[in-house]
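Look for subunit A in each of the two complexes below; its partner is subunit B in the first and subunit C in the second.
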Partner chain A sequence: MKLFTEKIDTGISVKRKENTDVQKLHCSKCGKDIIADIVHANDSICPYCGALFRQPAYKRIEMIVDSGSFIEIEREAESKDPLSFPGYKTKIANEKTKSKLQEGVVIGKATIKGVRTALAVMDSYFMMGSMGTVVGEKIVIITEFATLNRLPLIIFCASGGARMQEGILSLLQMSRTTIALAQHGEQQLLHVNVLTHPTTGGVTASFAMQGDITIAEPGALIGFAGPRVIQQTVKDELPEGFQTAEYLYEHGLIDRIVDRRGLRDTLADVLALHVRPETQNVKTLIKEKVDDVFKRS
Partner chain B sequence: MRTVLIASRGEIAVRIIRTCKKLGLKTVAVYSENDQTCMHTRLADEAVCIGPRQAEKSYLNIESIIAAARAYRADLIHPGVGFLSESAAFRLACEEEGIKFVGPDADAMRMLGDKQSAREIMIENGFPVVPGSTGAVDSLKTALNVAKTVGFPLMIKAAKGGGGKGIRIVRNAAELEQEFPMVCREAELAFGDKSVYMEAYLADARHIEVQVLADEHGNTRHFGTRECSLQRKNQKLLEEAPAVNVDEAVLQDIQNTAVKIAQCVNYKNAGTVEFLLAQDNKFYFMEMNTRIQVEHPVTESIYGMDLIKAQIQVAMGHHLTIPQEEIAARGHSIECRINAENVKENFRPSPGIIKAMNLPGGNGVRIDTGYAAGDEISPFYDSMIMKLICTGDDRQEAIALSMAALDELYIDGVSHNTEFAKAMLADNDFAAGRVHTKWIEKVFLNRWEKP
Partner chain C sequence: MSLNEADQNTVEKSWQKVLSARKENRPQARDYIEKLFSGVFEVKGDRCFGDDESIITAISWFEGWPVTVIGQQKGHTLEERMRCNFGMPHPEGYRKSMRALAQAEKFGRPVICFVDTPGAFPGVEAEARGQGLVIAEHLKAMATVKTPVISIIIGEGGSGGALALSLADRLIMMENSYFSVISPEGCASILYKDSSMAEEAAENLKLTAEDLRRFNIVDCVIQEPKGFDRFHMDKSVTDIRREISQSLNRLMRVPADRIVEKRREKFLGMRGL
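Take a look at the complex of A and B:
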């Protein structure tokens, strides 16, 4: 019995290769090259071995905040070339297309399990999350926004440090962000830092270390100068696990190391404990807790 | 049309890969971290890991699967059974990416996926449904009113329900008052939607379904009936084609109704219309499954065709021009689902590694499985090890062949239900076709002697 008369077009004469313009990421732990979209759909965790990849800012936000609650501000802010640094303009343009971002940090407000918060998420896929004038300015804006609106502030740090192409103007951002955060703190408002891989340089030396509570992702590299620079300076062997989140935790610089998939719950708990929620939020909070209990039982 | 991505796992993924190979199509399998060495991963031309073992993060992860399809330039995606096979969102995501989805369009999926809306569409179009509520039953008062017109016993069902969850049978007003809020809450917890509907409970009814196939040009054909009454907790255990012990005129009527239903919702590709056949030979629409079904091989066996191939051809836009009269069945076919479960301990799943396995074979015996000796049956996914499909010239032959094949079947390492299947096949009620959807639970389990 022949149901169809047409022939199936198999096209087997054409040798088809894998799509070459698909972006792939290399896993340093298991050595596999994995399609970037699959890695990021899997919370930027290697689906083969569980190693953590750097997470794009919007993916991070999607994972942390209540669905649909994020309102971004200053999305369009973009870097100029104040020092006419050679090749800087082209580099920025390239980074924009590659990362689909305007700059290395995304800021805005959102709710986490019903509690309102201000949020800054750095994205290391844009020039290694380096801090130039725009990144600094955006951190200052969101901090002042939080102060003005009496909101807690959560900053996800991921940075290679100050952006050398903007020279001293980048370094200036260290003091600007510090002052803004001090004003936020003076108002008895909560500032939580989440340090992700890598948090280094001028960012570590300024706002990344000023949180009331400092959380880190497992295995994240956190330090001021890189291990190689230090090794060459002190001319001595560095201890094992030097500058990893775990090492810093043991030495008291970090309050807790939290798995990426547990961050939403941890942050929600921290917020719920520190912030006086508005009445409506209390209701949502209680409802979620009740639902949690149901799910567990 | 060259590359097919199979967005499923287990025996159905293997089944689809085999047909693709036969047709000369390149195959891409997707797998979760846990399934790296599974048969479907081994057999496909390419395999992509799409996430961790939790299905929500891998086999239900639309984003990952679409990314894999994009990377391997899949022209078609076959969703298989379960997972995303009935997800309108997945279907739309494929469309957006320019990939052909092997299945009906999103509208039909949405319409038929919600049982209550499907029921209402059938009522509107004059198809028979089990007497019951029209519109959502949102309060106990409405529920009691429905009970007044329909009478007891009644079934309360979750609108978004499935898999035997969110269903209660009530025999009087007191029970209704007690159970109604509980079903609503169960529905909300399990399916995220507390709407329920109500139907009369038909005693000793049978589950008869019709395989339909429709192309994208308005041609709809049916491929006869299947009897799926042997169920435990709404899970099918044994299916056969064609349906047994049904009046020829009624059978014709059921088949024609199924085709009309498919046409009415503008259905495309393969689908199954499920009916309840009551003792008085009246039949009622139950639901329509918008995908290939686990038990499709019994239909293939008696019609001598390949439904997966037909699905792919429909997706490629081919014309189903063969007249209905020329679609003829021959013989009788029975499928036994062999599950890794401990029958003695209330059918508790029994995951583990298959240490050794001997499969029956020969004329008329077909085995669809996703496992070989040495493979692990994972506790994270369903526990079916294989389907044994035996086809003979008549039902008696098919039963005898099934029993003989089950005798030859040997599986070591996990508990399985082979002996239970044999006992069902040997039962007099089964031989006479005197079974119904509650037969296993109400009749057979009581007299079945546990080995």
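Take a look at the complex of A and C:
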């Protein structure tokens, strides 16, 4: 009997909690507060004004890859506290609960319109996608995986930069990811970056800017130093649209700006353009790709 | 607060190192170059935009070896500091440095870097010319250059702008220099919303030579005797010369292809998971 009551109690309390504790996101463009689940069900795009919200990694993967093709690697890797930085362990625990993720990047392999690729997707809902040892290591692991299996690598970047709480060890990840990617490139394999809001600091100054092809989402903040730091240094108004994807495009730093819903098609096209003749079934594959491109244009 | 008081407290100890690394009379890249190398031929300009004086690139002699020298320079006098942008490089500085790396590889010269910057310059123009991109490219150039690279952190190792010159086969650090992901003031203002808590942040960031040696990120720490400054640096210069000489003797025997492989193994081996 006791057990039975407990069960009912738990059920109700969970339900109540869900009702009172609905997570809402604030749209900075139209000012509306919208239930997070509704936003994310709409590809993390504001249903009222079309502004882009930051997209959780798994939602992103769902949108981009062929249904059911994604296989995750190193899902359980989690951050230790190598510097014994005050408050860091608690912070990590909170971030895990809040984001339902183990760390700020999800890695794995998948196919996009039939072409196999390695994939890393950063998630800015986990400590603003900051890069500590685990994020760095996971980028290294997926890069080495891609090199060994002769796969292209697509990285969706979203990061506030290197993670302060892991100090110099975070900074070191810039060197490590660079070295792993250099080896991938030496094997004549493709590396595509998709820069999403925000891509800054140590991530911009390492792998985010080392791709063969660099695509960005509209309006994404992309830069090395943060706008606040720059403003404090120059003590002047920053130019309009400074450090947006559009600004970088104008300055010749990225190849193309692609709307979120067009990314799957664009990435499939880019992957197809880099398929090597020695790849299996290449003729049928290429024919399908070409047909697909013509159908859309 | 006197220095002696500070020594009694570890929190202030890290902070004292930060302050010491920033001292005006601390030896800078140009001081070391003058003492360590002869026949210095300075290479100027990035062949693209301009010449950035916060990064010196030069070819010179070190004990019978022609070497490439890359050094971040802050400047001692106000006038020099302004010309050097207080040691904060713009993209053209890193591009010039990449030229030097390419030529070092071409002519089989080892590279010796002196790291001393509060950080790459955070400015509108720097961003427009791709500050993040050039640091990324510079890291890649350091990762793949087929010649030995030795880096010495002589003062401030400020974030990505310093890291760009630190991806080396052998990383040496002066006793009272620091190397950090962010300045203690920046860390304090983000974490504690109070930049006056920089002393505490400095301790938490584990940014001293001693800390980095413990993490095995730094291979060797050079001691600084009491009263060490640019007029009293000979003892440390002797130690640095010996360290460079020993490292070069070892590294110059490694075939060019193998040196890159060894560098890769060194960095990818730092798994830390």
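Operating definition for what follows: the second predicted complex is superposed on the first by the 256 of 297 C-alpha atoms of A that agree within 3 Å, B and C clash if a C-alpha of one lies under 4 Å from a C-alpha of the other, contacts with A are read in each partner's own complex, and residues count from 1 in each chain.
In this section, a residue touches a chain if its C-beta (ideal position, glycine included) is under 8 Å from a C-beta of that chain, and two chains touch if they have at least 3 such contacts.
Small disclaimer: the values here were computed from a predicted structure and weren't measured.
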{"item": "Subunit B versus subunit C as contact partner of A:Val134, first or second or both or neither", "value": "second"}
{"item": "Per-residue touch tally on subunit A - higher for subunit B or for subunit C", "value": "C"}
{"item": "Partner chain in contact with A:Pro47 - subunit B first, subunit C second, else both or neither", "value": "first"}
{"item": "First (subunit B), second (subunit C), both or neither touched by A:Ser206", "value": "second"}
{"item": "Partner chain(s) touched by A:Ala77 [first = subunit B, second = subunit C, both, neither]", "value": "second"}
{"item": "First (subunit B), second (subunit C), both or neither touched by A:Ser175", "value": "second"}
{"item": "Contacts of A:Lys235 with subunit B and subunit C, given as first, second, both or neither", "value": "neither"}
{"item": "First (subunit B), second (subunit C), both or neither touched by A:Gly167", "value": "second"}
{"item": "Partner chain(s) touched by A:Phe85 [first = subunit B, second = subunit C, both, neither]", "value": "second"}
{"item": "In the complex with subunit B, residue positions of subunit A that touch it", "value": "1-6, 8-12, 14, 16, 18-19, 22, 34-38, 41-43, 45, 47-48, 50, 294-295"}
{"item": "Residue ranges of subunit B in contact with subunit A within the complex", "value": "1-3, 23-26, 32-33, 36, 46, 48-52, 57-58, 61, 63-64, 66-68, 70-73, 189, 213, 303-305, 310, 312-313, 316, 318-322, 326-328"}
{"item": "In the complex, subunit A residues that touch subunit C", "value": "77, 82-83, 85-86, 133-134, 137, 140, 144, 162-164, 166-172, 174-176, 178-183, 186, 201-202, 204-210, 222-226, 229-230, 233-234, 238-239, 242-243, 247, 251, 253"}
{"item": "Sites on subunit C touched by subunit A in the complex", "value": "120-124, 126-133, 135-137, 139-140, 143-144, 159-160, 163-164, 166-167, 179-182, 186-187, 190-191, 204-207, 211-212, 215, 217, 263-264, 267-268, 270-273"}
